[in-house]
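Take a look at the structure set out below.
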Amino acid sequence: MTVHVAYFAILREERGCSGETIETTEATALGLYNALRGTHGFSLPADRLKVVINEEFQPWDHALSDGDAVVFIPPVAGG
Amino acid sequence: MTVHVAYFAILREERGCSGETIETTEATALGLYNALRGTHGFSLPADRLKVVINEEFQPWDHALSDGDAVVFIPPVAGG
Amino acid sequence: MFSISAVPIDPSIHHAALREPAAGACVTFEGWVRNRNEGRAVVSLEYEGYDAVAVKEGERILAEARERFAIAGAVCIHRTGHLRLGDMAVWVGVSAGHRGAAFDACRYIIDETKLRLPIWKKEHYEDGDSEWINCQAVPTAIARPVTLPG
Amino acid sequence: MFSISAVPIDPSIHHAALREPAAGACVTFEGWVRNRNEGRAVVSLEYEGYDAVAVKEGERILAEARERFAIAGAVCIHRTGHLRLGDMAVWVGVSAGHRGAAFDACRYIIDETKLRLPIWKKEHYEDGDSEWINCQAVPTAIARPVTLPG
């Protein structure tokens, strides 16, 4: 299936781009992140992140669907 | 002795003036207030008020001295 | 800095005084004239202050806030005179390195200001009545006797 | 009303939205860029936001504040982009009938905003270094294993 991944902050810098469309066979957001971390060497492990799918926070074991917009959320620091 | 009394808020309205100079033989601020209350019919008893003498809060039994500036402080409602 | 103002309060002037390179948080409190108080429709009010003592006591409150909380700056301005609905009666501004101290100090200053400052409020009601707040005479039966404080 | 602003925040616009005849108290919080953070000299910083989700989550926080506290109005604006020392990073304003609710709600909104909004801060230091706050990789020895949350 195809998913659209957007990167923010430290992930954007580590990936060198703000988003990409990916063909994946990973069933969950966690699997997808760990695969991408293996490829791109993201410094943060998944347990430091949250995940947003189609603009809603979801648990890491949320099943991915074709066309999903996936955003991994590094530790926030607003305010 | 002579003391200068200033009136604020409800006391000013009940007295009909904002201050007066008084000859008194009362030894304390409490005695002075009770005497003035008898004369002018102030609605509030002394235990609802505080007293300021020469711009400092003082206990009611503070001894009066010639020339003191005395202000009886009705219940406040700032803010 | 504490002051009494007989003219409308302009917070922008005082706000600038709170700026400090180490301050990361600023909390302000504004008291506005409400259209109701304890169920009665208010049309306007008057604040009367014993200015000299109010300023002394106000400065004391600000000094206490600086002692108790890790703040950078603190300002309180209290209005006097005739105020209409929505007018600003009091403005408190506090800056601090961190927000906890700024919130706590701002709250402390307005709480103490309301309790301790020799400032009085007379409310004018829609029905034509008016009243000095907190100054109603209590029925004799429940009034405490006048005695020297122990 | 929650919003993200890529240009300097002008609180006066939003402040007016808090006015209400029944409101007697208004508490505001401003977050300013400090010159130090955890002992390091800061020269500037960048805020980056995932705007669509930040706005949704911000509106949720404001709705929670309205449910929990007796308030009249609540506004929060978060800045993004490059900020210099003293610049305003966030503004929260709350109006209420009484001051207790205004203080509590304002504090709730800024606390939750800092915890929950997908907004990130990169600090630039005097020594030329820079860092995404809270995003340092933890040494492997003390990192928890990656598992599915239970």
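To keep things simple, chains are lettered A, B, C and D as they appear, and every chain counts its residues starting from 1.
Going forward, contacts are C-beta pairs under 8 Å (C-beta built on N, C-alpha and C of every residue); 3 or more make two chains touch, one makes a residue touch a chain.
Keep in mind that this is a model prediction, so the values were computed, not measured.
Identification of common neighbours of subunit A and subunit D yields an empty set. Per-chain CA centroids place subunit A at a distance of 51 Å from subunit C. Averaged Cα coordinates give subunit C a centre that lies 28 Å from the centre of subunit D. The distance from the centre of subunit B to the centre of subunit C, each centre being the mean of the chain's C-alpha atoms, comes to 24 Å.
Centre-to-centre separation between subunit A and subunit B, using Cα means, comes to 74 Å. Residue numbers of subunit C whose C-beta contacts span two or more other chains: 31, 110.
Residue positions of subunit B in touch with at least two other chains are not found. Pairwise, the chains that touch each other are A-D, B-C, C-D.
Interface residues of subunit C, counted against subunit B in their complex, comprise 31, 47-50, 52-54, 56, 78, 89-90, 110, 113-122, 132-135, 137-138, 143-149. Considering their complex, residues 6, 8-10, 12-13, 28, 30, 34, 43-48, 52, 55, 57, 59-61, 71, 73-79 of subunit A touch subunit D. Contact residues on subunit D toward subunit C in their complex (touch as defined above): 19, 21-36, 85-86, 95, 97, 99, 102-103, 106-107, 110.
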